Amino acid sequence: MSDAHSDDFDLEDLYDEGIEPDTESSSERLKRAIEMNVLAPARIAIADWRALVGGAILAFFLLMGTVGVWLVKRPTSGDAPVLAAPFESLAYPLGTDVFGQPIHAQLIHATPGMFKMIFAGAVVSVGFAAIVGVVAGFEHGSRIDSFLMTITDVVITIPGLPLIIVITAIFQPENPYIVGVFLGIDNWPGLARTVRSQVLSIREESYVEASEIMGIPMTSILRRDILSQLMPYVMINGALTSRRIIFESVGLYFLGILPFTTFNWGVMMNLAYEGNALTRPDMLPWMVAPMVCIFLLSFGLVLLSQGLDSLFNVRLRARHVNSSKKRTSKSNTANASQGD
Amino acid sequence: MTPQYLLKRLGQALLTFFVTMTVSFLLYQAMPGGPTEAMRSVILSQSGGSVDIDRLNRMIQLYTNVNPDQPMHVQYFNYASDVILRQDLGTSFFKNEEVTTLIMQRIPWSMFISVYALALGYSLSIFLGVMTAYREKSRFDSTVSSLIIGLNSIPYYIVGVVLIYFLAIQNSYFPTGGRIGSGIAPGYNPEFMISLVKHAALPAISMGALATSGALAMRGNAIRVLGEDYIRVAQLRGLRETRIATQYLGHNSILPMYTQFMIGIAGVFSSAVIVEEVFAYPGMGLLMFEAVKTQDYPLLMGTLLVFTAISLTAIFIADLTYTFIDPRISVGE
Amino acid sequence: MSSDDSVLSVDDVSVKFTNSGGLLDMFGEKETVRAVDGISLDIGENDVLTLIGESGCGKSTLGKTLIGAQKPTSGSITYRGQDIWEAKNGKNPAISFSEIRRSLQIIHQDPGSALNPNQRILTSLMLPLKKWNPNLGNEERKKRIYALLERVGLTPAEDFVQRFPHQLSGGEKQRVVLVRSLLLNPDVILADEAISALDVSLRVEMMDLMLELQDLFDTSYIFISHDLSNARYIAEKSGGRIAVMYLGRIVEVGPIEQVIGDPQHPYTQALKWATPNLYGEEDDDLPIRKIDIPDPTNRPSGCHFHPRCPKAREVCQREDPGQFDAGDGHGARCFRVDDTHEYWDSPSIVDD
Amino acid sequence: MRTSNQNDSDVVFEVRDLEVTFGTKRGESRVVRNVDFDIHRNETLGMVGESGSGKSMTSSALMNAVVSPGETSGEVTYYPPDGGEPISVLDLDEDELRRFRWGEVAMVFQGAMSSFNPVKKVRGHFVETLEDHNRDVEAGLERAHKILGDLYLDPDRVLDSYPYELSGGMKQRALIGLALILEPEVLVMDEPTAALDLLMQRSIVALLKELKTEYDLTIIFITHDLPLLTKLADRLIVMYAFDIVEVGSTDDILYDAAHPYTRSLLNATPDLKAPIEEMQSISGAKPDPVTNVPGCSYHPRCPMATEACKAQEPPMEDRSASHRTACIHHEDVSDEIPIPAKPMEGELQ
Amino acid sequence: FDSSGQTTDEESTDSNTDSSSNGGGGSGLADDTLDFPAGRPATDVQFNRYSLGNYAHTLQDQLFEEVARGYADGSVRPDLLEDMTVDGRTLTLTFPEGFKWWNGDDLTAEDYYIGLEIDRLQAPEESPIESNVLVDDYTIERTFKTAVSPNLMKANVAETFVNTPRSVYGEYLTRYEEASSDSEREAVTSDLLDMSITTQQLIDEGLGNALYRVTGFNSSETICELFEDHPYAERTDIPKVRILPETTSDVESLAVNDKLDMNPDVIMSDSQKSTYPDNIENVYRLNWFRTQKFTFNFKNEHIARLPIRRAIVNAVDFESMVAAMRQAGTVGAPAENQTALRSTIHEEYLGSDFVDQLIDYPVGKDLDAATAYMEQAGYSKENGTWVDPNGESFTFTVLTQNNNTQVQATKVFNDQLNAFGIQTKISTVSSTDYYQRLQTYEADIFWIWHVAKALWHPTAYFSNNFYGIEVGDPSSGGETGPTGKPFTTTIPNEVGATEIQGSGKEIQPAELMTTLPNSTSAEEVQEKTRDLVQWFNYALPDFVFVEEDSGYWGDTSDFSMPTGDEHELNTNRPGEFAFKNGWISSNSQ
C-alpha cells in the first residue's frame, strides 16, 4: 500500500541496521554508530530548511569553537588600540574593547566554553531525563515509577532560575562543565515526563509486547524498540535545552553572579554594561557583538528543533496514516505534551 | 473534582515546599566559611573598601559571642519550625530586618510587573498561536512564526537592555530604572500613576517576551486541534465561526498548555531576578539578587522559599482551575 | 478433554486489574475490574478455540493469560502439564519458561503497530530466530524466512524483507506478523482480532491462510473476534470450538454448529441476532432490554447478564448460574438449560 | 419482499458531475470522479465500497464539506420539502452554507467517537447548535429529551454528562440525537457504527429504522458492512475506485448484482448462513487516486476483463428501471461469477 | 500597594516636597536642589552603628558631624571639634557650642562620649584606651593605656562621627556600666546588636545633626532639607538636597542625562568628560590616600621565591594597567616607588633621600630584568613558558572582584604575565565571594585596595590585614601566617640593597605593624615605617601599582562650588566636606 507520504523523507532509512547483525564487527558497529548519531541527523537536517539553517548556524559556531580558536590568536590586552571602532582594520573587524582586545577574537575564544557548558548541561539534563523517563515508563505503576514521578513533580515546581542562582551563588563554579551541570538541574523534569509518556505509549504498541512474548531480552527491546523511537524527542529537547542553558548561563554571567576565568559572551556584556556601554557609543560594539552571537546561536538551535520537530512529525503522521484511525488521536495527545 | 484529588495535589505541594526548605537549609550549610565569615565578607563588600577592619573584627567577635553556632540538627529543627509554624524566615544579615518584612514590602511590586507581563505575554501567545494555526502555511503564518522564533531567540534580559537603550537612553520615553520617579507623591493622582506605569512598562515588556515563548507550542496545539473531528463536526453543525474559534479551537488548544502556562507564571515571576536587576526595579527579584550579591543567606533562602511558594500556589491554582477548563482531569491523570 | 493430552489448560483462572496508586494516592478509592473471572479451559493439539464477545468482556486478557503473557491473579495455567508461572519462578522446571515462551505466540489486532516501524522486515524476522536458533547460520536463517514468506504469498521475499513496515499494505503486514510467529514453531498462537483491521475483502483470505498453516505447522489457535461471522468461519472451517464471553466469564461454549445453530444463552442469541445475514429477513426487535453494557467495575449481581436479558427472572438477580451442560461438549451458563431449575417458577422481572 | 417507497419525482438531492480532487506532491488526486446520482425523499440510501473508494468524499460533498485542501466541482442541488426553491449547495456563500448545514442536512460521520467537544457537556452541544441556528432553545431541549429517549438513553443523565463520561455506543446515539435536533430533512451517516460492538451496531440500525419513520428522514448510510446495510437500506450505491459502479434497490443488488465487483464483494462478505466454501476474497490491490487506470477501473482485478474493458470507460447502463451499472459485460455476469443467491425475477418489480 | 510597608516610606517623600520645585531643567531635577549620588537607598539602611548588617556606611557621612579629619599632608585636624590637644597619654577633645540635633537637643560632648565608652566597655581588656572622661558638656578626656605619638592619638578619632545620640544610646551605656560580668555585658551587646534605627525613625526622632536633615525618602531618593538651627545654615542658599542611591540607580546615565549636580568624591576621567554635559566640571582634584596593589600568597612555592616576585613586578607595565582602569573611570597615576606608602606622605615619614636609596622597580616593563630574575631562581623557558627548576610548569590563579575597575587592572596584569611566559588564570568573582576568598587566601595573587584606614598615614598602609599587608598573627604559634609570609624575616642592612650582605637585619613585620599605631613618638613612627618600607621594597610581599586621585565634580554653571582656593579641601570626600560646611551655594540668584 503506498500512501501519500511514501515519497516524503523517511527516517526509517536512516536506522538501517544492516543485514548481518550477528556477524557485525566492531568497525561495522562503529560505522553504524556514526550512521545513527552523525550522518542520520545530518541527513535529517538537510531535508528541512529550518533544520538546515539551524544546523548551519550551529556548525558555524562549532567551527568557530574548534577551528576558529586555532586560526585567531587568543586576545590579550594591548593587542590593538583601545576601543577601536568596527570595520576599521582587518586585525579587528568588529573593533576592540577597553583593553584593546579585538572583539571578534573574544567571541571566538568564548565559544569553546559555551559549548562545554551546553554540552554538559544538555547531556546531564537530557540524559537524566531519559533515564528517569524510561525507567518510570517501564516500571509504570510501580513504586519506582511513583517515586520518580513524585521527585520529578517536586523539581518541576521548584522555580528553576532562583534555585540555580542560589546554587551557583553558593558553589561559585568556574569550570564550564560544572556550570553546565548546575544549569541542567532544573531542566530535566519536563523532559522526563515527556519521555515517560512516550515510553508508555510506545509500550502500548503491540510490537513491544510481541518482542516480549517472543522472548527477546529486555535490553534489546529497550534499545531497538524504545530508545530508537525516543530519539526524536531527545534530540529536539536537546536543542531546546541547549538554548535554555545559553540563556541562563549568559544571564548569570551578565549579572555577575557566576565567577569567570576566561572569555565568555555574558562576561563581555557584563564588562561592557558595567562600563556604561549604553551611554558610550564607542563601547557599544563590545556589548552588541556577544548579544548578536547569543541571538544567532539560540536562533539556530530553535530553528533546528523546529525543523527536527516537523520532520519527525511528518514521519509520525506518515506512520499513522497506515495504522488504524484510533491510534492517530492517541499520538496527538502524546505530541501535545512536548514543546517548551 | 474529587476531594481525594485535591488532597493529593495539596500533599504534593507540601512535599515540594518541604523539600525546597530542606534543600535550601542544606545549601546554607554547604556554603563556604559559615555564616560569620559570610557576614564579614558582606560588610566588607558593603563598605566598598573603607572599613576599619579592627573595628569590624571586634564587632564580628561580639556577634559570635552572642550568637554561638548550634549543632546542625538543632539549627534545622529551629529553622523548619520557624518557617512552618511562625512563617518566620529569619533576619537578613545585611539589612538587619525580618526577611518576611522585606519580602512583603517587595512582593507587590514584582506582582505588579509580573501580572502585566503575563497578561501581555500570554494573551499575545494565545492570540498569535491560534491565528497562525488558522492560517497555517500562509504568509501571515510564516512571518509571524519567524518573528516569534526570532523573539524567542533573544533572552529576555537582552530585550530589556535593548529597550533601555532605545527607549530610555537614546530617547527618554521611559526611565532607565526605579519604580517611581523622583519627587512624585504617591497616591491616586495621575502623575503618580503615570510614573508607576512608565517605570513598570519596560520590565513588564521584557518579562512578557519570556511569556511569549508559548506561542509556537500554542500554534502546534491549535493545528492539532484543527485536525480533530469535533472541529469538523462543529463546522458541519453550522456553528458560528467565533464560537468555534474560542470555545472549540481556543479552549482545546490551551488545555495541554495550561499547566505549562501556570508553571510558566512561576518562571516569569522568577525571571524578575534578572529583569529587576537590569531595570534596577526594587521588587522580589532584585531583593534576591541583592541577597546573592551580598551572600545574605537568610534572605536568599527566604526569597527562594517564597519563589517556591508562589510557584506552588500557581500550580495548585492551576490544578484547581484545570477542572473547570478540562472536566476530564478529575478522573485521573 | 483431559489435561493430559491438552497443550494448555487453565483452571479457575481470574485476572483482576486494580487501578494503581502512587505515593500520594492513598486517598483514592480503588476500582477493580475482574477481566477474567474463574475460567477453566483446555486447548489440545491442533485445536482451535474461538473467543467472542463484546468489547471489554475480557477476551484479550483471557487470551494473554492463556499464552502466559498475563499473570493471573488466581488459578493456574499449565503447558503440557508444567505450570507456567511456576516454571518462571521455580527451579528446574520440567519445561523451562523460555521454552514455554517460545511455544506460545501472539498475532495482534493492529498490523500497523505490530512491527517496529524503524526496522526492516528482515531485522524484525531475524531477531526471534537469532534468539531461538543461535546455532543456525545467517544464510540458513534467511532461507527459512524466505521460504515462509513465499509460503504466505509474499513474493519475491528478497524484495519484501528489505522494506520497512510502512511500505507494506495491511494485509501484507499481517502476513509478516504471522510468519514471525510461525518462525518460532509455536504450539499455540493467539490471534487477537488478527483480521479485524483488514478490509472486508481480505479477511477470508487471511483466515484461510492461517488455517492452512495450522495444518502445516501443527499449531493450535486461540482466535479472538468480536464478529460472529468471522468466528463462525474459522470455527467451522477448523472444526474447533467457540466460546462466548460476557463480563469476564464464558457464558457459552461448544462446537460451532451447536452454539450458532442452537444458542442456549440469551446473550449468544442476541449476538446472533446482531450478526445480520446478507440474505433473509430478520427480526428488528431488540432481543435485549438494555443496549449498554454494565460498568465492568460494578457488575450486576447474580447472572451478570440479567439486566439486559429479555428472559430474566427473579432468580437471575440473586443467583449466579453455573455452567450447565447442554450436551456434546456444549455448555451454557444459564438456568434455562436446566429444565428442572427453580428458574422456571421464578417470577419474570421483564416489565414489558 | 421489500418494497421501496421511492418516487422518482420527489428527489432531495441531485448530484451531477461531482468531482473531488486533491493536489498532492505526486500529482492531482481525483478521489471522486464524475459521479451522478439522485437521492429520493424519505428513502434510506446505502453506500458501500472498499476503503478509500470515495464514499466519504461523495457524502461530504452533499454539504459542501470536503476537507481542505480538497476541491469540489460539479453540481449538487438540494430540493427543500414543500417545493421550495432548489438550492445549489456548492454555490452557497459562507453564511448560507452555515445555516444549510445541520438545518437541512445533518451528518454523523466516521470519527463519531470524537465528535463532541471534550470539554463541553452534551447539553452545551445541543444548546449551541440551537442558538447558532436561531432556534428556540427551550423547545429544542424538550425535543432533545424526546429524541434521546427514543434512542434508549436517559436524557437527563446524558445531557448533563461530559462526552468522556459516556460509552462509545452512548456517544454515538447522543450524536444521532444531536443530528436530529434541528429536524433536518436529510441525515448522512458515514460509518456511524464502525467502531462499535456488534450488538450496539445492530441495535442502532434497528433504532434508525424507527427514527426514520418518526422523524420523516431521508437517510444516507455509508458502511463497509454489507449485511448490516441490507437490513436498513432501500437502495444501494456501490462505489469502486472513486466512482459509482452500480446503483439499484437493495434486492437488485443482493439478488441480481450486475457488476463483477459487487458480486465479488458479496462473495467475500462473511455470513453466518452462507456456506463457507463459497466465500472468497477479492485479490489484487485497490486503485490509487492519482493514477488513471484506462478503461474500466476494475479491469485489473476483474476475472471477466476483456480488451474492451481496458479500452474505454464503461458507461452507466440500465439493467432495470431501478437498477443501473457500469459494466459492459453485465449481461454475462450472472454466469461468470456466481453468488449465493440466484436472481429472483419474479419478485422484482 | 497600600498593604506594603513601603507606603509610609513613599509618603514621607511627600511631606515637604514642593511640587513647584520639580520644574526640572538642564541643571538637574530642580534648580535650587542639589542632586548627588551616594550610598544605598535609604529604604535599605539603618542607623544603629552597632548593628552588623545594613549599616548606613555612606549615608551617615552626610547626616552626622565628623569629629576630626585626616588631610593629604598626613596631619589630622579637628572638623566639628573646636580643639584637640594632647597631653601625655591624654587626648582632650573640645566640642563647640551651638550645634544641635535635628530634634532640637543640644549636641554635646556626651553624644560622642557615649560611643567612645560603649566601644571601650564592649571589650575593656583589648581596648587601647584606659578611660574616657566627660569633663563637662563640651569636653572629653581620652586617656590611652600606653604612651602614643600625638598624631596617632588624634588619628584615633579621625573619620569618626557624632552618631550616638544620648537619647538612644544612653541607656545602653548605663547598662554596660552596671554590668558586672561578661555574661551581663554580652546580654547588653546582644540587645544593642538587635536594635535598629530606621531612616523613618531617624526623621521622626531627629537623630541626625548635620547641616541637611532628612525629610523624606524612598527607594530611589533621599530628600534632605537645610537644618535651619545649624550654625552654618546661614552660609548657604540651597534649601534642599536630593541624594540618589548609587547602588540601585544608574549613576552614569543620570550624569550623562544631566540629572546630577555633583559627585562628592569622584572626578571625571577623560572618557567620561566627553559624554557628560558641558556644564559639568572637575571642581577639585586631590591626591587620594587610596592605592591599589596585588597581594602575593607565599603559600605558593614559586611566589615564595623572591626573584619570582621581582620578576613579576618587572614583567608588568603599570602604565597600561592604569590606562585600562581609566577606561572604567578610575583616575590615578602609576605607582613610581614600591614603598607601600602613598607618595604624598613620603616626605613626612621617609624623606626623599631615603626614597632615592630604595630599589627602583620600573613602572614600565623590563623583560630583560624579569628574565634575569627568573633565571636567577633557576627557572627556564620552554616553548615560551617558564618552568621551575624541576622542569614543572605552573599556573598562578589571580583573584579579583567582578567590579569593572578591578577587572580591568587584573586583566592587563594577567595578560602581561602570560605574555612574559608566566601562566596565570584570572578568577573573577562577585564582591562577597571575593572577600570570602580573600580572607582565606584561596588564590595565588590577589587584587586589593591598599589602605586600611581613610588616612594619609603609615598606619593606613601598614596594617596587618589584607587592606594593609597581611602577615598574620605572630602569637598564633607558626612561622608564617595565612599568606605564608614569615613572621620573622631578614632584610639587608643597607637600604636599597638588592641582596642581603652578611647576616642582614632581622625584622618582624607583623609585630612592627601591630605596634605602629601605638608608637610613642613621631620618631618611633618614622623609624618603624622606614623598616617596614625597606622590607616592602626589598621583599615585595605585595606590590602597589596605582595611586588613585579623588576630588569632586559638579555643575558649576548652576552652583558655585569651592575649588580649594578659599577652603582647604585636601581631605577625603571633598565635595561632601564642602557641602556639609555650607560652602556650596546656588548660582540662581
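Worth a mention:
By written order: A, B, C, D and E. Residues from 1 in each chain.
The working rule: contacts are C-beta pairs under 8 Å (C-beta built on N, C-alpha and C of every residue); 3 or more make two chains touch, one makes a residue touch a chain.
This is a predicted model, so every value here is computed, not measured.
By the document's definition of touch, common neighbours of chain B and chain C comprise A, D. Of all the chains, the one whose CA centre sits at the greatest distance from that of chain E is D.
A separation of 33 Å divides the Cα centre of chain C from that of chain D. With centres taken as mean Cα positions, chain E sits 39 Å from chain B.
Per-chain CA centroids place chain A at a distance of 47 Å from chain C. If each chain is reduced to the centroid of its CA atoms, chain B and chain D end up 56 Å from each other. Among the residues of chain A, those in touch with two or more other chains are 1-2, 150, 169, 256-257, 278-279, 329. Shared interface positions of chain B, i.e. residues touching 2 or more other chains, are given as 12, 15, 32, 169, 228, 292-293, 295.
Contact of a single residue of chain D with at least two other chains is seen at positions 111, 114, 285. By the touch rule above, chain D contacts chain B in their complex via residues 63, 65, 67, 97-103, 106-107, 109, 111-121, 128-129, 132-133, 162, 164, 175, 178.
For chain D in complex with chain C, the touching residues are 50-51, 152, 167-170, 173, 197-203, 206, 209, 224-228, 230-231, 254, 264-266, 268-274, 276, 279-283, 285-286, 340-341.
Taken in their complex, chain A has these residues touching chain B: 150, 153-154, 156-163, 165-167, 169-171, 243, 246-247, 250-251, 254-257, 269, 273, 278-279, 287, 291, 294-296, 298-299, 301-303, 306, 309, 329, 332-333, 335-337, 339-340. For chain E in complex with chain A, the touching residues are 250, 252-253, 256, 271, 275, 320, 323-324, 327-328, 402-404, 407-408, 411-412, 415-416, 418-419, 425-430, 433.
Of all residues in chain A, those touching chain E in their complex are 76-78, 82-83, 98-99, 169, 172, 174, 256-257, 259-262, 267, 270-271, 274-276, 278-280.
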